[in-house]
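Handing you this structure, nothing more for now.
Letters A, B and C mark the chains in the order given here, with residues in each chain numbered from 1 onward.
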Amino acid sequence: MKIAVCIKRVPDTETRIRIGGDGASIDESGVKFVVNPYDEFAIEEALQRKEKAGGGEVVAIALGPDAAQETIRGALAMGADRGVLLKADKVPADALAVARALAAELKDGGWDLVLFGKLAVDDYNHGVGPMTAELLGLPCVTAVVKLELEGGRGVAEREVEGGMEVVEFALPAVLTADKGLNTPRYPALKGIMAAKKKPIEIKPAALGEARVAVTTLALPADRKAGRIVGEGPDAVGELVRLLRTEAKVL
Amino acid sequence: MAPRFEGVDFYDVGSLLSEEERAVRDTVRQWVDDRLAPVINRHYVEGTFPRELVPEMAELGFFGANLPEEYGCAGLNNVAYGLIMQELERGDSGVRSFASVQGALVMYPIHAFGSEEQRKRWLPKMAAGEVIGCFGLTEPDYGSNPGGMITTAKETKDGWVLNGAKMWITNGSTAQVAIVWAKTGALGDAGGIRGFIVPTDTPGFSAKDQKGKLSLRASDTSELVLQDVQVGKDALLPGSKGLKSPLSCLTQARYGIAWGALGAAMGCYDEALRYAKQRVMFGKPIAAFQLQQQRLAEMLTEITKGQLLVLQLGRLKDQGKATPQRVSLAKRNNVNVACDVAREARRLLGANGILVEYTAMRHLANLESVYTYEGTHDMHTLILGEEITGISAFE
Amino acid sequence: MANVLAVTEQRDGALRKSSREVVWAARQLADAMGGAVDALVLGGPGVDAAGATLGEAGADRVLVAEDAAFARYAPDGYAATVAAVAKAGSYGAVLVAATAAGKDLAPRVAARLDAPLGTDVTGVAFAGGKVAATRPVYAGKAVQQLRFDAPLAVISVRPNTFAPGSAGKPGTASKVPAVLESRVTVREVKAAEQGKLDVAEASVVVSGGRGLRGPEHFALIESLAKAFGGAVGASRAVVDAGWRPHAEQVGQTGKTVSPQLYVAVGISGAIQHLAGMRTAKVIVAINKDKDAPIFQLADYGIVGDLFEIVPKLTEEIAKARAG
């Protein structure tokens, strides 16, 4: 099976966010960068599908700065066969621009599956995956938590309000992975060493025009300080009174 | 749920590591948080080793990680190996001891002193965690003085027969194989000490768990008894000769321990710091009080020094320059530092610090064993003393 | 003069709550742009009845795309239909509610229209002749202002954020062709427990954490949620422990919710959980540890044993809502 996994280098979710000097991006000094957690489910799924199929190739593709090579090597350490870096000093806020660059790389690749994480934990766009699918004219299911593949066809399940949506499609297809799809493996130490020898191709990202501009990035307004209303069940009466008269949510 | 450990790195030692070394550290760090931390308290209280974690540790390549790839090992450099030990011991010293024994005290001597056939037969299975080993050097009456051992190995027509007893043997009762050090010549002659690979199901071999431990509770510690244990000629480690053979194994393990102790210290410091910032007394977090700030500053200083110490030691080891005395200095310093950090962290945590829910007291208890084993603190003092002055003060 | 196309969502022929919100958001934007609001309803035969209230919700026109194949969300067909409607009119923005279906639909529409996309936004505006949006990023730790440099922008709006109002617009209905395409087919929707309100839709969420000590005690949370008429949520710890399903998980790797009231019971307040609920209008925390981080975010807190507090609170809330 030939599988492409599109991954993104993002700040670790524990990072304390500081606004950079330009007022429109984060201050990256001291920030730890990791592979987008949702992309790990995509990488793991790709590896499992290749293993189940008894062979093939898993390619990790990232769009980002030079440092994203380390992110790709993480995927190689998990078991991906090779990597591609579409180099861009800054990942644009315009998901369609990113999708365009990815689609240009993926076109004519003969992929059975193209996998993404459902969203990136920095911009929370959940856009690039389905947009790439549209540009490639491929079937797409987003936020997949369960997947079955058999004879060139697939059945995926995704969480919707009040239940699970069951979706059928034919391969090749684009899928975006959600938590619960699988349990991503740790990169084995041997895998970390082997990753050094696997090739990463670097090319410029064909982004085109970006039409979404981040005009400002700011810390959220502080919530008004709250207070402890009291201790134990005796405080319940006061809480209910406050919810009704002050907060007005009752 | 405990927050993820983000490391303690005041001097950006991380920037002195290669990308692979950082990746190795991060894999083990995450595994410890996800897989070891949730079960260690129960195992520690019950006095059991988390055996169920061995297959995962093996699959990730934790055992004999600095041995060559051709034997199924990860083939990492010594700094990466040290980082594995650092992160494992942040989890628990007993679990790190398991990995140290398996890697440095069982796989290492087979690699260093064994025949090619022995290496091929045992190492891949040990790397895979399918065969667990233990290291039989210490005896009930011969701890700091292993050269005085009274376990003997007499040559027979078909091989050897071993007699004796070993004590304080990590993994003893779970191991399938024991590397037993015994005197082949006269009892007064330490030069006749050689190593033997002894399957633990050999008739005459028995292992019994030592009970009543208040330290390293999540680790199997056993007595071994060898009563007319007969092994074939192929049991002998042909390259082993004299006391320096087992001692060189200890040097490998001590190297890992110098890193491991720091891991425990880093874990204790991190926990103490988080606690101090959250715990409110007299209207402010205890981190606002001078005495607690002093505690934390001391801990961080010693940890930082220790980190730079082992990093350089690791680089030296990769160049073949990590002499036993250099390793002694690091083991002695870092374990001592860790004992202090754990104790001070325990104190900072106040009453909560005696609960197993917090890691400080478990580390504190464990580190007393680490202070004592692999060469007591005092022994390393004398090793350094002899090296510096040229005069032995052992006897 | 550009108009705004508001894509509504129906379930079993009835409009979902988020539809009024998206039409209202569209109304705000259209007023700023000096244009009209077209509300698009997609569904099975007879769905036009659902569109009847959309005029009052703020729509100038209601466009109905009816087809048996559209009874349930059909990703490609819906995307093709929305795109066709958008291309046929002169719209400055297409708005979708960021529900499960909306999050799936919006990027597909944007790609088909070659338009920029803003997802899960908490504010829309029109400034300097361009559509702008506000949205939380980095797990809610920062807020972004976006500007769309294109004649048309596709935007998904966060549910429970644009409190709908009344506008008394004509809401004149007309039919538009349903464009049938299907690269994927939604075979069925396996319903979860009957009548269970989804945590992302409810205006009151009562969440339980490890403080509940075991899955059997979650009955306390369920009772309190019922008393409020709200939904049950869960922290990651209890979902990982298998006490509650992932669909209830609130937090970074679960759902992000913005209810009117969020009650956190026995939840300490790890950053990843806060990321999922910090935009709730009012937050109440009940925890036995007065130093628990959740109290720093909560508007009101009670320190004490939840096993004593929650039953009493359930009783009082039931009384208050009945009275």
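As a convention for this text, a residue touches a chain if its C-beta (ideal position, glycine included) is under 8 Å from a C-beta of that chain, and two chains touch if they have at least 3 such contacts.
Remember, it's a predicted structure, so these values are computed and weren't measured experimentally.
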Chains most often in contact, by C-beta pairs: A-C
Most centrally placed chain - per-chain CA mean versus overall CA mean: A
Reference subunit A; chain at largest CA-centroid distance: B
Approximate Å spacing (C-alpha centroids) for the pair subunit B, subunit C: 53
Rounded Å distance, subunit A centre to subunit B centre (Cα mean): 39
Gap in Å, rounded to a whole number, between the CA centres of subunit C and subunit A: 21
Per-residue overlap in subunit A, given as positions that touch at least 2 other chains: 14
Touching two or more other chains - residues of subunit B: 3
Residue ranges of subunit C in contact with subunit A within the complex: 73, 75-76, 79, 99-101, 103-104, 106-108, 110-112, 114-120, 132, 135-150, 183-192, 196, 198, 200-201, 204, 246-247, 252-254, 260-261, 271-272, 275, 278, 281-284, 290, 295-305, 308-309, 311-313, 316-317, 320-321
Partner subunit C, residues of subunit A touching it in the complex: 11, 13-17, 19, 26, 37, 93-96, 99, 121-131, 133-135, 137-143, 145, 155, 157-169, 173, 179-180, 211-220, 223-224, 226-233, 235-237, 239-240, 242-244, 247, 249-250
Complex contacts: residues of subunit A adjacent to subunit B: 14, 32, 70, 73-74, 77, 186-190, 192-193, 195-196
In the complex with subunit C, residue positions of subunit B that touch it: 1, 3, 278-280
Subunit B partner contacts - residues on subunit C that touch it in the complex: 210, 236-237, 270, 291, 293
